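Inspection log for the structure reproduced underneath, given as structure tokens.
Order of writing sets the chain letters: A, B, C, D, E and F. Residues in each chain are counted from 1.
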Amino acid sequence: MYQLGIVKRHIVRADRAAVERLAGFGVATVHEAMGRVGLMKPYMRPIYAGAHLAGTAVTVLLQPGDNWMMHVAAEQLQPGDVVVAACTTDNTDGFFGDLLATSFRARGAVGLVIDGGCRDVKDLTEMKFPVFSRIVSAKGTVKATLGSVNIPIVCAGALVNPGDVVVADDDGIVIVPAAMAAQVAEAAAAREANEADKRARLAAGVLGLDMYKMREPLEKAGLKYVD
Amino acid sequence: MYQLGIVKRHIVRADRAAVERLAGFGVATVHEAMGRVGLMKPYMRPIYAGAHLAGTAVTVLLQPGDNWMMHVAAEQLQPGDVVVAACTTDNTDGFFGDLLATSFRARGAVGLVIDGGCRDVKDLTEMKFPVFSRIVSAKGTVKATLGSVNIPIVCAGALVNPGDVVVADDDGIVIVPAAMAAQVAEAAAAREANEADKRARLAAGVLGLDMYKMREPLEKAGLKYVD
Amino acid sequence: MYQLGIVKRHIVRADRAAVERLAGFGVATVHEAMGRVGLMKPYMRPIYAGAHLAGTAVTVLLQPGDNWMMHVAAEQLQPGDVVVAACTTDNTDGFFGDLLATSFRARGAVGLVIDGGCRDVKDLTEMKFPVFSRIVSAKGTVKATLGSVNIPIVCAGALVNPGDVVVADDDGIVIVPAAMAAQVAEAAAAREANEADKRARLAAGVLGLDMYKMREPLEKAGLKYVD
Amino acid sequence: MYQLGIVKRHIVRADRAAVERLAGFGVATVHEAMGRVGLMKPYMRPIYAGAHLAGTAVTVLLQPGDNWMMHVAAEQLQPGDVVVAACTTDNTDGFFGDLLATSFRARGAVGLVIDGGCRDVKDLTEMKFPVFSRIVSAKGTVKATLGSVNIPIVCAGALVNPGDVVVADDDGIVIVPAAMAAQVAEAAAAREANEADKRARLAAGVLGLDMYKMREPLEKAGLKYVD
Amino acid sequence: MYQLGIVKRHIVRADRAAVERLAGFGVATVHEAMGRVGLMKPYMRPIYAGAHLAGTAVTVLLQPGDNWMMHVAAEQLQPGDVVVAACTTDNTDGFFGDLLATSFRARGAVGLVIDGGCRDVKDLTEMKFPVFSRIVSAKGTVKATLGSVNIPIVCAGALVNPGDVVVADDDGIVIVPAAMAAQVAEAAAAREANEADKRARLAAGVLGLDMYKMREPLEKAGLKYVD
Amino acid sequence: MYQLGIVKRHIVRADRAAVERLAGFGVATVHEAMGRVGLMKPYMRPIYAGAHLAGTAVTVLLQPGDNWMMHVAAEQLQPGDVVVAACTTDNTDGFFGDLLATSFRARGAVGLVIDGGCRDVKDLTEMKFPVFSRIVSAKGTVKATLGSVNIPIVCAGALVNPGDVVVADDDGIVIVPAAMAAQVAEAAAAREANEADKRARLAAGVLGLDMYKMREPLEKAGLKYVD
């Protein structure tokens, strides 16, 4: 249950070194390293091709058609943070544009993930300020109703606690709990080391059927080859 | 982040008396009593008109096309429980039908909330077993991949902890954290007492404009009456 | 372009007799009588099976998550009116429930069409207060931002002027401009007279191919029968 | 690839006795008997609660906004047929209403499955003429462009050949190839016999975990019980 | 209510100078200058990144699967016009491609806004002919049923009168009524002048909380800072 | 009806020369040459702008959340093939990434069409491996349940037989039955020859109304010009 009208000032951010290690992996690799969990829903898209980010979450709960809390969140930002914003109902208004991006960047933020609308796409693209949003919409908002900052939120189907690691790229967005950041980075590195070799063998024409030893389990499952 | 392959056997269920009090209120009233939060998304619908339920959550995390964990969950049910099931990805398969309902009921469960598909609607309606689902689908599932039971889950946009109170009716589904059940029931009762009087006055022709004293704030906000 | 913060007090309602004649026809018949135009989009659905209404439009423009203007609209209602509500952005919040319905009915309104959410479905069904909405949602709203009342609005894809005739049933919702109400009622009556005879002939086994003389145009268009 | 402008007069209908046997099973049972295949997508819904049908398919390919081919199809109907209609593009117009239903019934048809819109829902409900459609819409259609009748079509994601068995109920719609009707009916009967016993045991409190012998495979898959 | 089969030849276009001024502003700025109204729904997207246009509307009402009226509209085009096309029902067919774009451009048109499908995206991108559409689809259309040209239409949720100003960019599409074009351009200029200063201050680290003097209203609304 | 657990090894591929001819035309042209049929639904999109492909189909039927059959399919690929993958239910998981692309390319495949999710978009874009998918999603899959390879499938609304020609570009995806490939290529060539001349005339200002001789049929249909 969301608590409204709250700003939590002190949050425990994931270890900086772990965030930096995670920044080196793709979202697909990170979520695999966690056991195929932690992803936001795939309706979330980057506002420009190639946008990517990694940082620690400052969370925002918005009210529909109202971006008041984005301004409250700005003050809580530290270098390396990513703003992660959810709304109390599905809403596509343009809660965020180039002015807020300027402010967020001045505070050290490295991007935004918002389960709502974003606008000023041209300016944001020129600024290279990465935003992942539900939709693009020019629709402006009011500043009239309280939400909260730095409470746990559900954003695009994922639970995000303030301080968690957010990694986003063309493939989507993954949330790594702060306490597990180092361990997940480790697992991701192991996974990636493994992939280079696999890629080389597949490129040489080796079949996954053989490389992953699938022929026997497929036969056991009842697969039949016919002409 | 979801932990997979886990079944938590001992959960702290909300106080029974508080659940029973909450059962007496509509979902709209309960979520207002919490400050307009706690609702699942409105794509969740009852499989028959008039379905309603209130109980304590036993949570299930499913994998797409796979209902294995529903059987695992059955064993964890106690009288008065509601099964709340989410899936690691959006999936509309028919994870639940009359056989599982028979089993759940035999264990004392009073209904199901599932962010996925449900089938055997005719039988479930005859059984008066209330189900709230994303969709109805005859598509059957396999039993091959592990999820979890009684971990915190995100279901239709709402965070659900095992033991939380679930109230569902024609208007939707609301989750009340176990620790707040009594307090929310209190607030809901206060709210409802208040409503009977309001209804009578509105029925007598009193305008909300006057009853809620809105004329002055509307004028201040700049409302203009024209002919 | 919508003008915000406006309440128009005097509107020209369609002729009462014409509204009553139109009330006798189904939505499909009325829109055919207008040349297959005037319908709202089919995502609009009655909140209970069999809901239907016919009346003159009092229009409301809402802001997302805010139902302030519904209370303003109540004062403008006259017997036989239907409230038609749109929102400045797509929004599924529950802008309307049984208290507002009680107030609207006390003022003589005969129903609601809303391109947004509705709640208290059980109570509204018991009251037999017909509502056609985009969705059902328990989510409550605030009263903080101005919209307008009795301006021309676009609701679910249809342009609605205050005073227009609204006819709604299981098949959908049609808007008849006030000035054309009598003429459309006439055309609908002619159409319906025509249908009884057609129905009888089709029931007797006559084919539409022959009754509508379609065989020759089908052949000209190149239709081929093969074995 | 669809051939346009074609009406196939002679089609091989599934064996009548097999259709009647299949009519006795629910859609969920039939599709399980086929190995969990053959279903249309779950956006297809009955226009009234409890609608159900079983029969042999007469297929229709429509053009958007045009129901000309429905009249052509009427002539090809035989007692026990179900009209199955697809469209060359996604279209929600009301291709079908009570007049066509009267004609189809006069020819012996027992229902309609249409990946498009349907109207006159009130009349069709009174007639107890079962229709499963993508949506309800009052929007009428023209008669200007050729489609085809009795060609293989893709309807709501399922391939339908003329003469195939169509079974539809609250859970969805399943297509059984004509040549397999008897065999599938056999498998469905075996499956259902099996279910009565299972239901009794589950009602008596036996767990699926034990009845289906799942404890060992779950343990092997790595399931952990924690307190 | 739409009148079908009508082509209006003489329309009052917005003042050319005002259109040119409006062309200098982004869509977000223009709709703010109008009080946050006038936008089409955000499902409308440019067919290539960076597409933008500004001009006077020539409106087209299409029938589903039929682009006949696009050819009728071509003759009504004058230099600086934008074709704005709606359809009597939701339809995703490819009503428009490079041949029509060639014709429209030869007549002086500067772009297209269509609540339907568009095709030949590669060619249109090479031509730099800006199109904003609901979807991209290769599906061709027929020329069989009348719509209208230069009647008031509802396109993607916005009312468009022939002659209105259309401004479209990455953020969306806004309609400025012809009579208000100069006044809105004035307001947009004022707004933009204002923004440069704000941007500089935010970039220097000033918080919106202070720049917009939000601290006091936030406190009054009940915002609490916690540790 | 899908047969599960089947791999068909010998399929009849469309004539190579015809495929190469078809590769020279856009999707819009090819589907027009077939009479405006054969398209997949327009929700299918290229993962990078400008992606295009043409080849012979190797079909794959997947189970939700499971990409086992993709590895089985790899072995069946021959130079010039396109993998066309459908799923037994709507599923957005990331069934495909850069490792499988490496393997498919090593076998000679020229691209993928998948009615499901794709991931590793950045790598695939760098590899210039064209993929057309329903969505992009990082979500990984398991390898546990059998589907089939080289059976007829319905993919995004189109029937695809193994060996059929697949042509895909920015406008969409079209399937040409193997046996008709040469004939359709011929028709496409004729159509395209025709278009160059039309384009030149339209660019010179000739109206489609005159070029296509539409004035008389429009008048007959009742079109009225008003001032």
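Simple rule for what comes next: contacts are C-beta pairs under 8 Å (C-beta built on N, C-alpha and C of every residue); 3 or more make two chains touch, one makes a residue touch a chain.
For clarity, every value in this text was computed on a predicted model and none was experimentally measured.
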#### Entry: Given subunit C and subunit F, the chains that contact each of them
A, B, D, E
### Query
Chain by chain, through touching neighbours only, how many steps does the shortest route from subunit B to subunit E take?
2
### Query
Hey, which one of C-E, A-B or E-F is the same interface as A-F, over half the contact pairs lining up?
E-F
### Query
What whole-Å value do you get for the distance between subunit A and subunit D if each is reduced to the mean of its CA atoms?
41
### Distance from the mean Cα position of subunit D to that of subunit B, given in whole angstrom
31
### Message
Just the number, please: Cα centre separation of subunit D and subunit F in whole Å.
### Response
27
### Numbers and ranges of subunit F residues touching at least 2 other chains
36, 49, 88, 90, 92, 137, 139, 145
### Message
Output every touching chain pair, sorted by label.
### Response
A-B, A-C, A-E, A-F, B-C, B-D, B-F, C-D, C-E, D-E, D-F, E-F
### Task
Over in the complex, which subunit C residues touch subunit A? Could you list them?
63-66, 88-93, 137, 139, 142, 144-145
### Message
Per the contact definition, I'd like the list of subunit D residues that touch subunit C in the complex.
### Response
5-10, 48-49, 68, 71-72, 74-75, 92, 94, 97-100, 102-103, 105-107, 117, 119-122, 125, 135-140, 143, 145-146
### Task
Enumerate the contact residues on subunit D facing subunit B in the complex.
26-28, 31-32, 36, 39, 42, 45, 49-50, 169-172, 174, 195, 198-199, 202-205, 207-209, 212, 214, 217-218, 221-227
### List of subunit D residues in touch with subunit F within their complex
1-4, 34-38, 41, 88, 90, 152, 154, 157-159, 175-177, 180
